[in-house]
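The same chain A turns up in both complexes below, where it pairs with chain B and then with chain C.
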Partner chain A sequence: MKAYLAIFRMRLKMETQYRGAVIGGVFCQMFFGLILVALYRALYAGRPQALPLSSVITYVWLQQAFFRMVLSSDGDLADKIRTGAIAYDLCRPLNLYGYYYLRAMAMKLMGSLLRAIPMLVLAILLPDGWGIAAPQSLPHLLAGLFGLLLGLLCVCALENITMAITMRTLDSRGMQAMLNLLMMILSGNILPLTLFPDSWQKVITLLPYAQLLDAPIRLYTGEWALSQFPRVLCIQGAWIVFLVALGLYFWRQNQKRIVLQGG
Partner chain B sequence: MSYIDVQNLSKSFTLRKKREKGKLLREKTEIQALKEISFSIGEGELVGYIGPNGAGKSTTVKILSGILTPDGGSARVGGLIPWKERKRHVQRIGVVFGQRSQLWWDVPIMDSFQLLRDIYRVPEDQYKKRLSNLTDALDLGAIMKTPLRQLSLGQKMRAELCGSLLHGPGLLFLDEPTIGLDAVSKLALRDFLKEENEKKGTTILLTTHDMEDIAALCSRVMVLGHGKKLFDGQLSHLLSRYDTVRVIEVRYGSGILPPLPDCCRMERNGENYRITYEPEKMPTAQLLSLLQGAGEIRELTAQPQNIDHMIAAMYKEMDL
Partner chain C sequence: MDTVKLYLKSMKMLLRSQMQYPASFIMQTIAQIVMEGGEMMAVLLIIDRFDTLHQWTGGNLLFFFGMMSVTFYLTECFGRGVTGAFPSLVRSGHLDTFLLRPRGVLTQVLCHAIDPRRIGCIGVGVISLILGSRQSAVIWTAGKALLFLESILFGSMLILGLFLIEAIFCIHSVKSIEVVNALTYGGRSACQYPIDIYPRPLRILFTAVAPFALVLHVPSAFILDKPIYSLPGFAAFLCPAAGAAFFLLMYGLFRKAMTYYRSTGS
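And now, the complex of A and B:
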């Protein structure tokens, strides 16, 4: 257990080595957030929607704040697979699936917390009608946080599947670009899922990408009542079990047929 | 009872060729990286493992360190099958891949060592003792807090070696550990390995292309070529078969080099003449009197044959 915790500590250290990247990320996400908020304000000024504007704005800010959590971007690991430096990881006395799962989790958690905290502070300080709104109630906040945690477990399982496939294709860029596009649409990063047509939402909200941020945010804003919470947990739980099982299967297959390039 | 016991180990890889015009699918070829090799290594031995590029040396190391699963044959290291009991096996071994890095690129090497301590579950007091020993032996004190990316190649390699030895492995696989190192670093590394082997009894399998490494460290060598074991025994035995020529370098104060018989090869390098000959065909005394008769010799040095030339001759004869 200590070994796995150490991976978290290491990741935090690495993130703090590149403070510039964190600051840059915060500014970039703030910029996107402001543009999107301006866009929705304009949209609502012309034609108000059923969902209150403040909920949409809160949705945008939470999406932007935790963008790093859903973005699939472990360039380090992709490089290791490409160059074969992964050989070292393969000779550690650790469960490899667990090791990479926690590595992804540490990266997403540390990376997104370092950016989310300053961003949320900034988003709170913005003038009325531009900034993030408080959660519906304390239970809504807790439900949202718990949902976020399960969403994190989901996205790490997805990441591990991507990496297992990368170990065969050797290059992750194509797949990551495609998956990131899918993720940005299906997680509600580009257009909040709540603004999709109802018939679409029935399907989209069941997919794994919607479990990452969309479900927790809707619990936070109160768009979904607390009575919906068990349903959300079931969907998230089912995806976690399925994605982890699939990932484990892939890794086990890989371990049997692994090939390391050169040298 | 030997520590490493390998029987008929085989491994093949599939290579996909570039698709040919007019064909729908790419052709596949199978490459046999290892063809039923067998050997055993006793505890505390330091064995050199040599062979030309692509012979299958690294494949062997990767199988024995539990990374690759072989197609056939068996291997036991300290009673464990590396690829089946991987976790327990790797806890007891250390591996250095000379061309790759195990330390984290962006953080001080000290932090990488602490992570390795946690991964290998090394008790704190043992870790401290081990680390201070390694820091002294490998001269790492000054760079402990430097991120890996700022280290020179030699410093990096010493840090890598330290990382691989932190958990006190009884068996060490070294895959080209001296690649790219300068003379000082190379000598220091050799001394360190020798001590690790002699004092701590660490079993070492050393893969390298640097024959000086082998000559300095290993009494026993295994030669691999095209996936087959071609030689296993004393380095001196191996060399005596190929150690057939000698080299004399000569510089004249006055006079010039006389014509030499065909069996001698001569290269001119400024004022120096470099003569390679086979004592079997041209006795040294005869050659010397020939050289002396031509003028006043200012300088003359006799050298044994370069070990790389011997190995090259051996690879050539073995058709590698």
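And now, the complex of A and C:
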């Protein structure tokens, strides 16, 4: 257990090393956020919807702030698999799944917190109608935060499954691009899931991709009442158990028939 | 003329080398189609929910989207040397060899790479254009067709010019600074939709600084018979030249930057 904690801590530290990249990232994400907000403001002008504009804008800002959690960011492993350096990792007296799970989690957690905090401060400072709205209430905020944490567990499990598939196919760029895209669409990054046709929403909010950011944001904005919170927890919990189990199975299978690339 | 021949020959060679791994190529092309298809789906879903955007109908919006994706991905396909490969050329010192050969540096950089997978994105853009022009009931004339081609040509020059900014920074700093691409990618996202829906600061940015609006939106609006900025018809034919001007400006700066180029020595 101590070893895993050490990995987690090391990765957290590593993420804080690239401050220039963080500032650049915040700048880009703010710019994109502003463009999206301008677009939705124009779309809402003179055609009111059931869903208030302020909640779409809040959705956009929270999505932009935690963008780093969505994309798979660990290029290391893909390289290791291609070059055969993964042999070193196989020698470690650790469970490989746990090792990469914690690595991914630390990167996503630190990477997105470093960007999200300054971004959310900036988004609060924006003039009325452009910035992020306050949460419905304090319990809503706490429910959202807790949901975000479970969502993070969910997305790390998903990412590990992607990596397991990478191990089998070697050149995974096509595959990875497609999985990333699925993630971008179904997590609400390209278009808020709240703007999808209502009949689609019934299905896509149940998928694991929606658990990461969509569910916590809906709890935050109050679109889902607190009475829905247990239901969200159950869905998230069920996905975590299922995805971790599936990932563990894949990784174990992979380790049985691993082929190392020489060179 | 000689240069054109050289360029075509390099393209043929690069294409052949890319086709050596057909499975990977097909997989990645499909990924590109899905990617751009996802973007198009977002537009379709927005149309489904909101019907219109100010004066623009759903068909109009699809046309604007198609213009941007065809132009942008044509540039990424043929300009790969600038849009993708340049930082690694500088970092690895490979650019040195270009300085010794009796051709311009930019020509050689353009000859250096091609990205045929982008054909998937371009295809999605073309479908969007066809759907958009059908649904908007565009009456095509020779003039409009000419304007359409002009817009795409100058649009590609504008986007290539924007990517040159990154190259210029890269020559000075070796490391590629992705922040400078905010204008390029931000422009692509923003200008998938017509310029007049945005508030003034964004309008100014994408008209006067990175003139996407002049190069893509003014001609598109003319083709759709809904002129923006209340410009007369002939202006639609003049505005896209802003793309060429932007490219020439950046090209000048690029040449200047090259005089400061110092090899990494590796």
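Observations on the model:
In this text, the second predicted complex is superposed on the first by the 261 of 263 C-alpha atoms of A that agree within 3 Å, B and C clash if a C-alpha of one lies under 4 Å from a C-alpha of the other, contacts with A are read in each partner's own complex, and residues count from 1 in each chain.
Basically, a residue touches a chain if its C-beta (ideal position, glycine included) is under 8 Å from a C-beta of that chain, and two chains touch if they have at least 3 such contacts.
From a predicted model like this one, the values you see are computed outputs, not experimental measurements.
After overlaying the two complexes on the shared chain, residue contacts for A:Ile185 are found with chain C alone; chain B is out of touch. In the superposition on chain A, contact is made by A:Phe31 with chain C only, not with chain B. Of the two partner chains placed by the overlay, neither chain B nor chain C lies in contact with A:Arg19.
In the superposition on chain A, contact of A:Gly84 is made with chain B only, not with chain C. In the superposed pair of complexes, A:Ala42 makes contact with chain C only, with no contact to chain B. Across the two superposed structures, the residue set of chain A contacted by chain B and also by chain C is empty. Put simply, chain B touches chain A in their complex at residues 13, 58, 62, 65-69, 87-88, 90-91, 93, 95, 97-102, 104-107, 111, 114-115, 118-121, 147, 175-176. Against chain C, in their complex, chain A makes its touches with residues 24, 27-28, 31-32, 34-36, 38-39, 41-43, 45, 47, 49, 171, 173-175, 177-178, 181, 184-185, 190-191, 195-197.
By the touch criterion given at the top, residues 2-3, 5-7, 9-10, 13-14, 17-18, 76, 83-85, 87-88, 90-95, 255-260, 263 of chain A touch chain B in their complex.
Chain C contributes residues 21, 24, 27-28, 30-32, 34-35, 38-39, 41-42, 45-46, 48-54, 177-179, 182, 185-186, 189-190, 193, 197-199, 202 to its touches with chain A in the complex.
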